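Across the two complexes that follow, chain A remains constant while its partner is chain B and subsequently chain C.
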Partner chain A sequence: MGWHWRAFDAPGHPGLAVSEPVAVIRWGEVRRHAGDPGVALAFAGAAVMLGLFVLYPAFRVLVYPTLQDYLEIPRSLRWMQAARNSMVMMVISTLTATLSGLIFAFAVTRPDVPGRRFFRNIAVLPIFAPPFMVAFAYILMFGRQGLITKTVLGLDANIFGWHGLWLVQTVAFFPLAMIIIIGVLEGINPSMEHAARNLGADEWAVVRTVSLALARPGIAGAALVVAISVLADFGNAVVIAGGFPLLATEAWFRMEGLADLKGAALVVAMLIVPTVCLFLLERYWVSRRVYTTVTGRGSRVERPPTHPVLKWSTFLFCGLMSVMIGLVYFGVVAGSLTAVWGRDWTVSLAHWRLAMDRIPTLWASVKIGAMAGVITGVVGVAVAFLTSRRLPLRHVLDFLAVLPGALPGVFIGVGFVLAFNRPPIELVGTPWILALALAFWHLPMGYQAAVATLKQVERSIEEAATNLGASGLRVLWDIYVPLLRRAFLGAFTVSFIRSVTNVSIVVFLVTPGNIVATFAILNMIGNGIWGGAAALTTMLLLITFASVGMAQAVVGRTMRSTPMG
Partner chain B sequence: MKRLIAMGVLLALVLVGVGVSQAQTTRIVVYSALPDLETTMVNREFTKRTGISVEALSVAAAGTIAARIRAEKDKPRADIFVGGSRDFHIPLAREGLLLAYKSPAFAEARVSPAYFDPNGFWYGWYLGALAIIVNTDRWDREMAPRRVPKPATWDDFLRPEFKGHFIMPSPITTGGGYIFAAVQIFRLGEDRAWAYLRALNANASQYTPTAPGTITLLARGEGIVGMQWAHEGIGARLAALQPLETIVPPDTGFEVGAVSIIKGGPNSEGAKAYVDFLASRTPQDINAKFGYRYPVRADVPVPMGATKFEDLKFVKYDLAWAIDNMARIRERWTREIGR
Partner chain C sequence: MMGMTEAHVRFLNVTKRLGTTLAVDRVSLDVPEGNFTTLLGPSGCGKTTTLRMVAGFYHPDAGEIYVRDVPVTDIPAHRRNTAMVFQEYALFPHMTVAENVGYGLRMRRVESTQARRRIGGVLELVGLVGQESKFPHQLSGGQQQRVALARALVVEPEVLLLDEPLSNLDAKLRVRVRTEIRSLQQALGKTTIYVTHDQEEALSISDRIAVMNQGRVVQVGTPQEIYYRPADRFVADFVGLANFAPVQVVAPGRVRLDEVVLPVESAVKPGPALLVVRPETVSLAAAAPTASDRPALRGRVKTVAFLGGLARYWVETVGREWIVDHAAPGEQLLSGEVYLTLAPERMHVLYENEVTHDGEGQA
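Let's look at the complex of A and B:
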């Protein structure tokens, strides 16, 4: 893995602890900016876009069922069951994923834990995988015909059900927690730990009372972000949950098996309530209490050595988790090259030949991913710039930009069809509907990445320019644009990867002329062509890695030439 | 700067690509619930015959297509909904989303009127029967040595040896699973049917939320015996070389696979030609050869490895009753079976 993971180092999820002192509105400044026609126009434009592509589709789904339909929800046994199961999975998967993420983040931020660079690189791998891939690979590994459970250990294991889902979600979502917690731990000034040690605290006490204590709000934030992802997890659940009803999949089954759009809208509405609560909690309660990131990463003090027991136990744990991640990739690649999994282990290229027919779908994926990436990048950076100004109503803009993170993908898919299938805005049937839906769904990640980059801009540079008489737009163009390139690229990369590997939105918006790879893969799994699905997944991964590698290489070069670093 | 130019070029390419894929008039758009292979082959023949090109979207689940047609009803994007049980087409017709068309070709082909709608909203052009599917690999290893007889009737599913090894599609989220539950009611009467389903539940390892899921899991040895459409089981064995055996028991149920015209689609005339085309031999033959589904035409050979449709023994299935009682039966399933 030769490239930088910069794009992921930046906060990459709706709730990512971006702390900010409560705004003190300086009216003089407000008047100055609001009076600037360029900025005012951009503000209005961004507000209209977000209203149109975030609020309006969501609104259309929520009003699809009647009030009477909503009132009857508690009478459906199956849905109440699904709601209860979703809550249970949310609690247990969030606990294990956050804990794993914490241990990983701890190891990675210690200079003396062996293999930390390796762990850091391998831990972000699940982010590249299509959402169903972890579950898919683990069935190949740990199912009844699993390579490990049956061929190696000779067990008769049933991975389908809540326990399989628990394992899969832990592996799939801990990287999210890790990335957030790394940011928090790196923000802790090592001199605090030194101080504690000088006062006679032993190593364990230092970790417990200083490092973890300071990181606690950040960890809580990470847990909430993971919880939102677990609640909305469709890809893994659909492959491995078996007959275990969950809200995220129940919405889909309503549609797939029963063509019941109204029922799907109702279930999705049930899902939105807890998600929005978690989201608001993270955004307006936890992130206000993060004290670590405020100080920034400025300190150059060496971190003290880690206690050997702590060092080696985290090393062991990270090694184990790395194996679990390695198995995901190994399972898919091996599955694509094995004649018949579980019975005939001869190497065969038959699945690759089958997947070759679907190569056009890979190009469609790249095309739509690039479109979505550009849109997310432009909108994300523009909105981040606007919300960093002291403008009235900027909190509304900020909220709209992170809101899509709280909406399940199936919801967005249905919403876009309902909203944009007739004049004045007719997008159904064009690739734009897919690109726009993906772009705005991933906006929170792109936006947060841009916000984080903007925070590094020295305010004084801008103030100097303004004092010298530059207009708001001029400030944007001369000072921010060069710096924002990196923010744009971060947003573009995250949105591109998530778009290329997306399933939950694609499945409802794909059009005959633009069949994308994940859709073809899901169809193959659905029709039992597992080898072909594994081969096409491998191709998709290769293309994703190549595209991101290329983008990172290009930016890496320009970035080194800018003093910003 | 170089990067900005590169980005601009990329964006331009994307835009051009988008522009080219539009336009054309003599074509129809098809939403297909059949797998890619059959869809592509049938469409290719249609284009050869009529000169009308086809843009197809093949989705493994008929329900998704029906939901999509509902969501697109303000401005339908597709002309044809092909594949999937008539159970998906009938409600769309009731909601006024389909176009009635009296196909002369179906009358000429002497297809039994039982297989199409008298008003011309949908036409059945293939058939499927519910069957017992056995994973022969695991059977030979685990059941044969114990001299367990192969299941031949629905009641054989209740054998204690099958505990934890039975898989079928969920009656709550799939059409096939529901037909199976209804078949038990028509076969045993309502009270005994529920006793049967509860006993069956004791053997069930899982109910797959999607229909193809059952075949996939059985093929992968996650279960030993299961229930699914016969053509899925036969197809998995012959086309994908999976270790599956398909047995159609007496008192089984069947589905009618349909085609319908979406009202207000871009090319309704082309769509009518498509419906007429499906009444002909070629598409039914393709579907029988590659999809292992029964043709509705008497002069098309039955799929390889399948018993003649007339020789199968069907339970007396009351379609109207099954549809009217669907909500109640699904609710009772959730209450009594609970998964």
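Let's look at the complex of A and C:
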């Protein structure tokens, strides 16, 4: 395992790792590259694509309602309530998810916490789950018909509502925080902790005055990324929030129930105000304050021992959370094999037979996912290559490529409907509208994976090639393409998996000819066909893990054949 | 061997395994009070591991470390008073210079006015007055190094530990800072253990050097002893440059090298031996010397490197090559046929069966 965690860093959001070096424009180089027609053409092409599929839909959403509509927002009780609820959920879920992520990250970066490898592997599992799966599984486990609540404990529990959503979002989003904070904690030179101990700090004091103090900006960054995800969370909310109005789900209710395009546009426009603010805060403020890379990695020394109380309490917490994660997968698989959930616990394959009827929706998902994956991979790698040149306006390109990370899926969904439902570009009803929306929403991940790979390329390698007479595009082909195969594959896989499991964009763009699996599952859950939904979700999971496994195998091979690490 | 009470820090058969490698192998070593002792050796020889065991970062698998006759291996790192200067300084990037230096005092709950006074005092000692409120990244490498030193000194450690503290400085600064560290140590009379792989640094700064190889202490001695009377071929080779020639000791004070019999004062026991000749102890002349007690070897200059203060010659005699340093060579370098004269009192003899010392103090 390894590379795909990086690639999954903060889905939809730029990781902390990427920070642009200060621009030093060397005019000689600019002229040289701008004079290269291939590079200039690629640059223009990328700019047009990003403008069309990132900026234009966003622009359409924002101008669709009139100024009057905007001014009337405060008078709509339901919208104000949804906005308030979204803010409350953002605060509480972000707090618990970040705290859980911090505890996990702490435990797995200690050398002496038992089971740390197991915890690290199990904690990333929610990232591979379709975005409604945690909520769905917890209804099966803790709902009115819940295996644990009703059958084991004999309780009449109602999980629908804000408290259920809180639990679900905590479990679903803490892995994001964990991955970011692991990076930060691992970046802390163990010598810091040794120095603190050497100067008289006990285990507690080391954690308090050094480890946590150094990780503070990173933890803040993780919290911001989690907050964006919580605000944008559609899948879990639509399944478990019940009658609790939230901005992310309100947009869909407007459109589905009332065909109220203007209302939907207004709601998603309200939603991007906080997400864009959080995004800018993370990207341009917090990530500039990360200390850990200042001294770099020092000698390979183990970290000093952990205080026993700290060690065993984190171990206990991680164990408990691992059970909660295990239940997510267990619940869905068990649900697909149980005759009547909550009443008749005999094993049955009836739900699988039902799910077999929906196989065409799975194929549609795979097809659209593959299209999206290829687009994300190609555009991500190409834009990363272009922004690594010292070209004028490259910062604009960079910004456009990471911007979708600030936009919730429902915003993209509404945006594509508004932008491409009529000439000149009419895409509604074709699989292309789904593929393009998903591809450009996942672009930041593919782009940043490619940027990270490009940073590994020694500038001198390229200079050597140029020195030997290679043109700009020739350099791309000879030097970068072999190195970027891995970046492409990573971007493809992430985009594919997330497209196949997506709901927030899909619900706005599916048409009768293009029903995808997640949409079918959502409908089944809504109609109480839990067994069938569970079986189809299990199939989706199989596809997800199979593609991760395949990508691993391919990357493993190319890594052996190319000496680049 | 020294008496128990004379050693400030004492290693007794200390052994440490890291993974599958035996990092430190039965090391015994005494560090007298106020002494500047250097652990010198190539990378991976166990010197840093040995130092870290004094600080308490590693627990020895066997053996014991004593500080003033008190066994310390079971005392946790934060309760030992063995402040360390780290190779990469390990300054806390989120704290100012004053906060970094004051960290150890804060952990010791030293009352704040007293702490401020001590911080001021030690910053004055290392020449950093006026930098109190800067952050480490605002300082130069040399200044960061001084902060690390001040942070270690301010807690008035029982023993001061330095782990390759100069390796991140450029060559000129390294020489200046090592002189400063040495004079500071002498002024404070602080017992110091210093780790380096740089033999020149070790020779210039230490009271005593313990040369380590493959986890063992190979030789302990003053810099002069280490240089002129290396215990084995490894030490001779690692510390400074040396010419090696297999010889036969034919009588006390006389060895036969190829066809020539040479006077060598340190040759005692007859039998096969290895002659160790430092390049600067060989004199070089264009004409055969007249003094008959020192037979000259005739040779031919293969190549020469002019290094300013000295010229380094590679001279070929019958069947072997010599490195010869000629001090203050002037503008005229020798070439062609030359004569080498070896100083009987400056050559060292290693007997073939000479095993490595077990590290008993010789000083």
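Simple rule for what comes next: the second predicted complex is superposed on the first by the 517 of 565 C-alpha atoms of A that agree within 3 Å, B and C clash if a C-alpha of one lies under 4 Å from a C-alpha of the other, contacts with A are read in each partner's own complex, and residues count from 1 in each chain.
As a convention for this text, contacts are C-beta pairs under 8 Å (C-beta built on N, C-alpha and C of every residue); 3 or more make two chains touch, one makes a residue touch a chain.
Given the structure is predicted, the values throughout are model-derived calculations rather than measurements.
Upon superposition of the two complexes on chain A, no clash is found between chain B and chain C, which fit side by side. The partner of chain A that touches more of its residues, comparing chain B with chain C, is B. Once the two complexes are overlaid on the shared chain, A:A201 sits against chain C while remaining clear of chain B.
Residue contacts after overlaying the shared chain place A:L261 against chain B, while chain C stays out of touching range. The superposition-derived angle at chain A (between chain B and chain C) is 170°, Cα centres, a multiple of 10. Shared-chain residue A:N189: touches chain C; no touch with chain B. By the touch criterion stated above, A:V91 is placed in contact with neither chain B nor chain C. When the two complexes are overlaid on their common chain A, residue A:V48 makes contact with neither chain B nor chain C.
Between chain B and chain C, the shortest distance over C-alpha atoms in the superposed arrangement works out to 38 Å. According to the touch criterion, chain A has no shared surface contacted by chain B in one complex and chain C in the other.
Within the complex, the chain B residues that touch chain A are 3, 6-7, 10-11, 14, 17-18, 21-22, 29-30, 35-36, 55-68, 70-72, 74-75, 77-78, 88, 91-92, 137, 170, 172-175, 205-213, 215-217, 219-222, 236, 240-243, 330-331, 334-335, 338-339.
Interface of chain A with chain B (complex): residues 77-78, 81, 139, 143-145, 158, 160-161, 238, 241-245, 249, 253-261, 264, 340-343, 367, 370-371, 374, 414, 417-418, 421-422, 426, 428-432, 485, 507-508, 510-515, 522-523, 525-530, 554-555, 558.
The part of chain C that touches chain A in the complex is made up of residues 55-57, 76-79, 82-84, 86-94, 103-104, 107-108, 137, 151-152, 155. Interface residues of chain A facing chain C in the complex, by the touch rule stated above, are 189, 191-192, 194-202, 205, 209-210, 213-214, 216, 291, 294-295, 298-299, 301, 304.
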